[in-house]
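Order as written gives the chain letters A, B, C and D; numbering starts at 1 within each chain.
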Amino acid sequence: MPSLQFSSLAEFLQMGGVYTFHIWAVYLLFAIFIGYNLMQPRMARRHFIREQKRRASRDAELASKSRENINS
Amino acid sequence: MHTNLHNPDSGFSSLLQASALFCERDERVLFSGLDLTVSAGELVQIKGSNGSGKTTLLRILCGLNEDYEGDILWKGESLSEERENFLSSMIYIGHRVGVNRILTPRENLRWSASLHAPIDDNRIVAALGRLGLRAYEDIPCRNLSAGQTQRVALSRLLISPACLWILDEPFTTLDVHGVKHLESLLSEHVNAGGAVILTTHHALNVSCQWRALDLDSRRAAA
Amino acid sequence: MWLWFSKLGSPRWFYELSNKWLPWLYVAMMVLMSVGLLWALLFVPEDYQQGQTIRIMYVHVPVASISLACFPLMAVAGTITLVWKMKLADMVAKSVAPIGAWFTGLALASGAIWGDQIWGTWWAWDARLTSLLIQFFLFIGVIALRSAIESQDAAAKACAILAIVGAINVPIIKYSVEWWNTLHQPASDFSMDPVAPNPPEVWVPLLIMISAVYVFFVIALILRTRNEILQRERRSQWVIDLVSREKSV
Amino acid sequence: MNKPLSDGAGSDISTWQAFCATLKRDLVIAFKRKNDLLNPIMFFLIVVSLFPLGISPDPVELSKVSAGVVWVSALLASMLSLDNLYRADYEDGSLEQLLLSPQPLYFLVLAKNIAHWLISGLPVVVLSPLLAYMLYLPSEAYWTLVLTLMIGTPVLSLFGSIGVALTVGLGSRGLILAVIVLPLSTPVLIIGAKAVTDVMFGLPVGSHFALLGAILALALTMAPLASAAALRISVN
């Protein structure tokens, strides 16, 4: 079983001191990359559904209004 | 819905046969289930209001537009197999007539003739002459009027062996004399066993076998 | 044959199928990603040359290798669109382009950061980075062409052609860039190819990370394709029912 | 009027004649607008003379970058004049006649590409030694420069034709053309410029010409097919 490389959380965050920024920058970009590509489609889907619901209600309204002036 | 008048005396089989054509443009159905058979010795005028899909139908029939469903037969064979034969016996003149403004009428005709079957020069000059462009053979087309440019394009009909003419609004820029002349040209071609499909808003009077297909009434009926 | 094939690839069938598969894919991604990341960050031994920066490899290599797969996938989807006129294939092709650009972009960024410790500069005209850069331009070209053409079908066919032409050129570009680069500087002393010299405890977590990112790629592609399906089928009845079933958000 | 109503199936001879007629037509159009012929040449001249202003007048400095500068400028010059390859024909309808010809579209597109190369590529190749001289290119590299450009510029025209065919129907063509065409032409640029610089260092360049020839062969066979398909899409 591979052994744990870091004795403490502080040492883990230091990531060997020299290239701390580099390593965490890459993993930050990786997190943004994963997060965006999962969130964006879901947001777009929610926006689409809201849009379609609004259009559906608008069409329903128009239909009912036209039916009214036919009956009246 | 459409009367399929086969020309009894010429007895030619159908040249172009479209069945169950369906075309949709920007989520709007232009026509669906459209059948059209054009036989030799027949002129078909496509009627319809603006935006009813006349131009789209012509472009589908001549193979420029492939965004449609349904199938088109050329002399009984599917168009895709018979493409080369179909193209060498068909001429299409659209809104944009295909006359380069920098070249002279002679050079334009020589090039468009060479795309089908090259011919010698004097037939070009004769064709231009017949359409009233006698002294204009070597003037750059940008100096010609719209009507004259249209005549340059129409003179392509005279020099090509094609038996099917597909013309989109051929009468638009022609003067009264030009209109009469074109109508006699069409009649001659149809009576000689050719076929013409055209769209025009002009009241057509041709002395040959012709019928109309109205896209608007078709849609109303459908 | 064409009708049968298009029935098989009908967008609605794909949408329902993805409904069933997505939960499992999410689970698989969660498991693989967490194991891969923990292993890579905590348990991989320090590299004698690069020190801790070897951990960047666990992001760069998976992302770069999958970004190379995006262009051929787009070309295949484009060919299916052109030959069999299958709408679903075009939707997939349209969704792959932005994902490919994202993958190539991250591969570029992580590669540059990783290379910085060797070359001392954020950007060096290393063969791999340069071919990734040109591949990124190709993706931008496809996306630009897609957005420039209004009508849906013309855009589909045009982008299919560009994807095919691009896919033919990607290996040529890659080869000529490597050929151009290797003759100038000696090959960079550490190799980015993972599996070759490294011991198992280095490349095992890498394979896990590669499969994790691959599952993520499939999920991202399915999500975008589903949106594309809804967008293009918004007038058909099954989408209208679906919208009415959704609780208003 | 009564001409024979033949079906006129195409034959090889008329394909060759259609090819020559299209080539002749494009050249006639180009030579009728004399000043347009100068555009690629002037652009090439201006871009090349910008580099010394940007870099430095020092001969040693310039001779190092001369090959790359001439090649990049040639690439941009051929890119600039691509736009009128199909544009005029699209607007006046001749492109539709081209597509509706029974002759195989591959040869007609090839004819147009060759005409475009003769108008914009060849002058650049002919002019390049003069500009290379201006950039202090060592004398033994002149022939290599001309030969690599001679093989490379047709590839630029052929790939550029695909980009133009894809965007002929669009309003904003300029930027997209560059974003599509330039990445595709990077291999030619790399190998071409490298061949010239390697000759300067006395290295053998046989492999460079082999690669350029291979890419030219690929472009000659594949590019017109892609352009033809793209034209069919843009014109429908």
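Some points to look at:
By our rule, contacts are C-beta pairs under 8 Å (C-beta built on N, C-alpha and C of every residue); 3 or more make two chains touch, one makes a residue touch a chain.
All figures in this text were calculated on a predicted structure; none of them were measured in a lab.
When the interfaces B-C and B-D are ranked by C-beta pairs in contact, the top one is B-D.
A separation of 55 Å divides the Cα centre of subunit A from that of subunit B. Subunit B and subunit C have Cα centroids separated by 49 Å.
Chain centres here are Cα means. That of subunit B falls 36 Å from that of subunit D.
Between subunit A and subunit D, the centres computed from C-alpha atoms are 45 Å apart. The set of subunit B residues touching two or more other chains comprises 67.
Across the assembly, subunit D contributes residues 236 that each touch 2 or more other chains. Chain contacts: subunit A has no residue touching two or more partner chains. Pairwise, the chains that touch each other are A-C, B-C, B-D, C-D.
Residues 159, 162, 166-167, 169-170, 172, 175-176, 179-180, 182-184, 186-187, 190-191, 194, 211, 215, 218, 222, 226, 229-230, 233-234, 236 of subunit D are the ones that touch subunit C when the two sit in their complex.
Per the touch definition, subunit C reaches subunit A in the complex via residues 33, 39, 41-46, 51-53, 55-56, 59-60, 63, 99, 102, 106, 109-110, 113-114, 116-117, 201, 216, 219-220, 223-224, 226-227, 230-231, 234, 239-240, 243-244, 246, 248-249. Contact residues on subunit A toward subunit C in their complex (touch as defined above): 2-6, 12, 15-16, 18-19, 22-23, 25-27, 29-30, 33-34, 36-38, 41-42, 44-46, 48-50, 52-53, 56. For subunit B in complex with subunit D, the touching residues are 59, 62-67, 83-85, 87-90, 92, 94-103, 107, 110-112, 114-118, 130, 140, 158, 161-163, 185, 188-189, 192-194. Partner subunit B is touched in their complex by these residues of subunit C: 151, 153, 235.
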